[in-house]
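In what comes next, chain A is part of two complexes: it sits with chain B in the first one and with chain C in the second one.
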Partner chain A sequence: MSLTSAIFLPFFLGALIIFYVLPKKTRWFWLLIISLIFFSWSDGWKTLPYLFYGIVVTYFGARIIQRYESEKKRKTILFLTVFLSLFVLGALKETNFFIHLINGTGGLFGISPGLGMVNIIAPIGISYFTLSLIGYVIDVNRNVCKAQTNILKHALFTCYFPQLISGPILRYGEMENQLFSDHRLDLNNISYGFTRILWGFFKKMVIADRLAILVNTVYGDYTNYPGMYIFIATLCYAFQLYTDFSGCMDIVLGASEAFGIKLPENFKAPFFSERISEFWRRWHITLGLWFKDYLLYPLLKGDFLQGVGQKSKKLFGKKKGKNIPTYLGLSVVWLCVGLWHGGSVKYFFASGILPCVYLISSELLSPFFKRIIEVLKINTECFSYRLFSRFRTLMLMCLCWVFVCAQSFTDGLHVLKSMFTTFNPLILVDNSLFTLGLDQQDIIVVIFGILAVMVVDYMINKEINVRDFLGKQNFAFKCIVVWTQVLFIMFFGIMGASSFIYFQF
Partner chain B sequence: MTREDVFQELNEVFQDVFDDETISVNDSTTSKDIEDWDSLEHINLVVSIEKRFKMKFTMGEITEMKNVGEMVNIILDRMVSK
Partner chain C sequence: MIKSICKYLIIFLPVLILLVSVNCYADPANILWANGNIAKAVSTSILNGNDTYVLSGNIDEREARKFLVMDMPNDIDCLAVGPSLIMCVSSEMVGTDSFMNLGESGADYYDILNTIGQLDVTDKLPKTMILCVDTLFFDKANLSVYTRWTAQKEYSEYFLQKMTTGSATIINGSINDNNQNNVNIIKQFEQLFSLSYFQSSINYLLKDNTESAERIGVVSESGYDGAFWRADGSYVYTKEYQENSIEKASEYAKLLLDSQDVYLSLNDHIDSECKAVFEQLIDYLQANDVEVIFYLSPYHPIVWDEIETNYQTSLPIELETYISEYANGKNIRIIGAYDPEKAGVDATDFYDGRHMRAESLMEHFDFSVVK
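Moving on, here comes the complex of A and B:
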């Protein structure tokens, strides 16, 4: 069941009404029932065992860990639980990637392993709920939270339906009280929730699905659309991906808020990032935090990298030497992020290798850039420099997204070559852009939509609470904001077009 | 060791890690107050504090502590339990 499908709203409304009619103590159980219905409806019954497997493994893993006092025993059970959870995720999501890798590597040495691709159906949301579950077990081991004794409550944490398909990735400690509390009816929550859902629909149906038409036209036939066409299509993809994923998150967070449950934010105006490291702190925030807390920190604090750090400090001096283990840790983390997006070489490269190269090289080259700024006496504290920095960050990310849009990694290289070897800027003024599937009205709608998103993001970037800001306005202004969105969705929304891009992960 | 003593030693560690002799921390200091205190430098800081005070933070504490005040509470707790 897609969040923009015709059935979602009646399903959600029905679930919400029954939720508040039921006695308070039973409401969490109703959430579990509708979450399982949502899962089965979206994915069929056949993949339910994978969900149950994740629930059972982590439920017992966490309880056993809590029972032991011995650090060694706790670590053994933790390792086993994480392994059992990751094994299924890896087998379902990465098998074809590794087959592809083995075949490709064999080809380099003249050997033909000839392994055929396998057809495995992974359950929806497995990449998200597996990370949430592993985080929970690690938190129990770290004594950050207590193991849940009721397996049904643990099941609700795993498959709570608004976030089941595409996150955000949850922390048990942040969710426990919210999921299992009495959930008093608060009309503000419902009103805010619906406003946010509307904003999500606007982003997805008016902007993202419209931009998808242009992107698919160009990338589907990139040999006929070289140079500037690809540049424009990639830029459009940046906004398509952002409005698609953040729109999905708006619907998810809005739906959850209507039940009185606040989920963590996944975006914070990412296109206002001046540096690539900042971008990753503002984009898919819960994924970044997960990898930081559960992989990067343990790696950096582990004996191996601490040892490397001591040796590298002796070799390269304190300042440079202390960065070596950080770079090694970052490399491991980004390779894992690439695998998480995985299933194909292009995703591994675009979301693992390339961002890692960006981050490490930006750290390494930072003194060089500082020197250039000093020599050229560039003012870095003005609007134009900030604008330049933001554009630079966006362009670097666009380079990653070229590979995401392309059919394969090799295709991505061809697309890049095609983009940089054809000089055709005149297409911007000779109406050629109207041949890409969007007419003049579509382009005006898209520009208006993106401007609206950027205005909201500007406020978020300035730490202005958009909700409070809207709340303080007159009734007439609120009506205009809401009804503009409703009318845009009704007249310009592309209905039932596609699922969200991040569903596939 | 008093809370003030801990802060005095912490200031030296912060100044050393972030290479800035003007840094002075208090209970409410957070990573937002020190320019170079990002998620990567956080571990270097933690390890330096562990060495100075001859104690260990748990991974849960490292990820959960919200400000320097909480950090000092943990350090003082460890000293009491030694």
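Moving on, here comes the complex of A and C:
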């Protein structure tokens, strides 16, 4: 069941009504039932065992860890639990990637391993709930939270339906009270939840699915659409991906809020980022935080990188040497992020290697850039410089997304070559853009939609609480806001088109 | 609490009303009319002896034909079967009131087998069948392009088996589909609230198709400018289409050539399997005492000139020769010819690049089956 399918809203409404009709003490159990129905409906019964496996392994892992006092025993159980969880995730998501890698590497040395690809179906959302579960076990080991004694409550944390398919990645400590407390009926929550769901539908159906037409036309036949076509399509993909993923998050967070459960935000106006590092703090926030808290910090505090730090300080001096362990830690984290996006070289490169190169090189080249700014006497505190910085960040990200849009890594290289070797800016003015699947009306709708998204993002960037802002307005204004969205969806929404891009991860 | 609920209603009720009322008013697929089955309503109206129109024109012709076959009397003497080229043939031309035209737009190999399969299942094979023989039946490449026949494929499957083995049963099909109404009620309810149906409705309304009073109706004596089916199942084109000038028809003919329409089959040849089934079909009909008459609908002179000049070995040329020889051997009467010169027609006799005017059919061809 897709979040934009015709069946989702009746399903959600039915679930919500029954939720508030049921006695307070049983509501969490109802959430578990509808979560399992949602999962089975979306992915079929066949992949349920993977979900149960994750639940059982981490439930017992956490309980055993809590039982032991000895640090060594706790670490052993933790390692075992994490290994068992990651093993299934890796086997389901990465097997073909490694087969591809082995075949490719063998080819370089004239050996043909000839390993065939494996047809494995990973359950939807496994990448998300596995990370949530691993985070939970680590938190229990760190005594941040206590192990859940009721396996059904633990199951609800794992598969709570709005976030099951594409996140956000949850922290048990933040969710425990919300999931299992008595939920009082609060019409404000329901009202805000629905408004947010509507906003998500608007982003997905009016903007993202419309932009997808243009992007697919160009990338599906990039040899016939060189140069500026690819540039425009990649820029469109940036907005498609953002409105698709953040639209999905709006639906997820809105649906959850209607149940009185606030999930963590996954975006904070990422296109207003002036630096790549800032972009990654604003894009897929829960994933970034997860890797930071559960991988980067333990790595940096670990014996190995501490040792590397001491040696590098001796070798390169205190100032330069202290950064080397950080760069190594970052490299490991980004390689893992690349693997998490998984399954193919292009994702590994676009989501792991390239962002890592950006981050480390921007740190290394930072003194050089500062020097240029000083020499050229550039004012970095003005609007135009901030605009330039934002555009530069977006362009760097677009370079990553070229590989995501292309069919393969090799295709991505061809696309890049085609983009930079053909000079055809006239297509911007000679109506050629109308041959890419969108007519004049579509383009106007897209521009209006993106402007609306940017206005909201501007408010978020300025730390203006959109919920409070709307809440303070007159009823007539609220009506206009809701009606505008609804009418846009009704008239211009692309119905039953596609799944969300981030479902595949 | 009540105040808040009222606020929600003020916000969402107008939207819901807009959605439902537009879907109901426009209803481009005629889902919400005639108990959700406009095809059945049309066939019933025709069988009640009415000249019948459908305002939106959005009707599943094949479904209507099926109901027509299922509900028509068992003792109709003459039936016309084939693509749109035969749809204008009326009881007046045939010379008997015991006539029903079962032609349907773009009827191909499977459509014709579906129709005759339905006739066979219901034991309604006529004494005389005017079969419009067209390239569509013999061009296998087309069958994957147009798949409208698949909704009733159980009848062609049945009939192919019956012709081969002498006996067969309908698989997955039934003569009186009792589930039809239940399905339609669910479908109607879904469509009433469907956003995609809303968008289709809006597009429909924007095309000035704003009629909503009666979806289907009976053509009154005072005349009707739109297209309609006569009570004998024959089809009358819109008055505007009937008034197409020679120039306009020639323009259509050129367009047909330019588009290399699949209906022309200019780059194809007679498919051996289709030919074998065709011969099997004629044998079957004759064995069941059905007198078969072939009707070859002439091509527009512009189209035929092009075929003769540049496509001398194409399917239309091949087919005309084959049908003449085959009909001779089987003692089957042929009405018309693909070659307009042979058929004695010219550019003034056409509505468009392929379809002859009803009055020209009457003037040039003797469809009479009364001996």
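To be clear about the criterion, the second predicted complex is superposed on the first by the 505 of 505 C-alpha atoms of A that agree within 3 Å, B and C clash if a C-alpha of one lies under 4 Å from a C-alpha of the other, contacts with A are read in each partner's own complex, and residues count from 1 in each chain.
Methods note: contacts are C-beta pairs under 8 Å (C-beta built on N, C-alpha and C of every residue); 3 or more make two chains touch, one makes a residue touch a chain.
Fair warning: this is a prediction, and the values are worked out from it, not measured in the lab.
**Student:** Counting only touches as set out at the top, which of chain B and chain C does A:S191 meet: first, second, both, neither?
**Tutor:** second
**Student:** Please indicate which partner A:K72 is in contact with in the superposed arrangement: first for chain B, second for chain C, both, or neither.
**Tutor:** In the superposition, A:K72 touches no partner, neither chain B nor chain C.
**Student:** Determine, under the contact definition given at the top, whether A:S277 touches first (chain B), second (chain C), both, or neither.
**Tutor:** First partner only, chain B.
**Student:** Tell me the contact category for A:N143 with respect to chain B and chain C: first, second, both or neither.
**Tutor:** In the superposed model, A:N143 contacts chain B only, not chain C.
**Student:** Go through the superposed model and pick first if A:K322 touches only chain B, second if only chain C, both, or neither.
**Tutor:** First partner only.
**Student:** Just chain B (first), just chain C (second), both, or neither: which does A:Q306 touch?
**Tutor:** first
**Student:** By the touch definition at the top of the document, which applies to A:K377: first (chain B), second (chain C), both, or neither?
**Tutor:** The answer is neither, since A:K377 touches no partner chain.
**Student:** Mind working out whether A:A6 is in touch with chain B, chain C, both or neither, as first, second, both or neither?
**Tutor:** The answer is second: A:A6 touches chain C but not chain B.
**Student:** Provide the residue numbers of chain C that touch chain A in the complex, in ascending order.
**Tutor:** 1, 4, 7-8, 10-11, 14-15, 18-19, 190, 194-196, 198-199, 202
**Student:** Chain B touches which residues of chain A in the complex?
**Tutor:** It is residues 139, 142-144, 277, 292-293, 296-298, 300-301, 306, 319, 322, 326, 330 of chain A that touch chain B.
**Student:** Show which residues of chain A lie in contact with chain C when the two form their complex.
**Tutor:** So the residues of chain A in touch with chain C come to 6, 187, 191, 475, 478-479, 482-483, 486-487, 489-491, 493, 495-496.
**Student:** Report the residues of chain B in contact with chain A in the complex, numbered from low to high.
**Tutor:** My answer: residues 19, 38-40, 42-44, 46-47, 58-60, 62-64.
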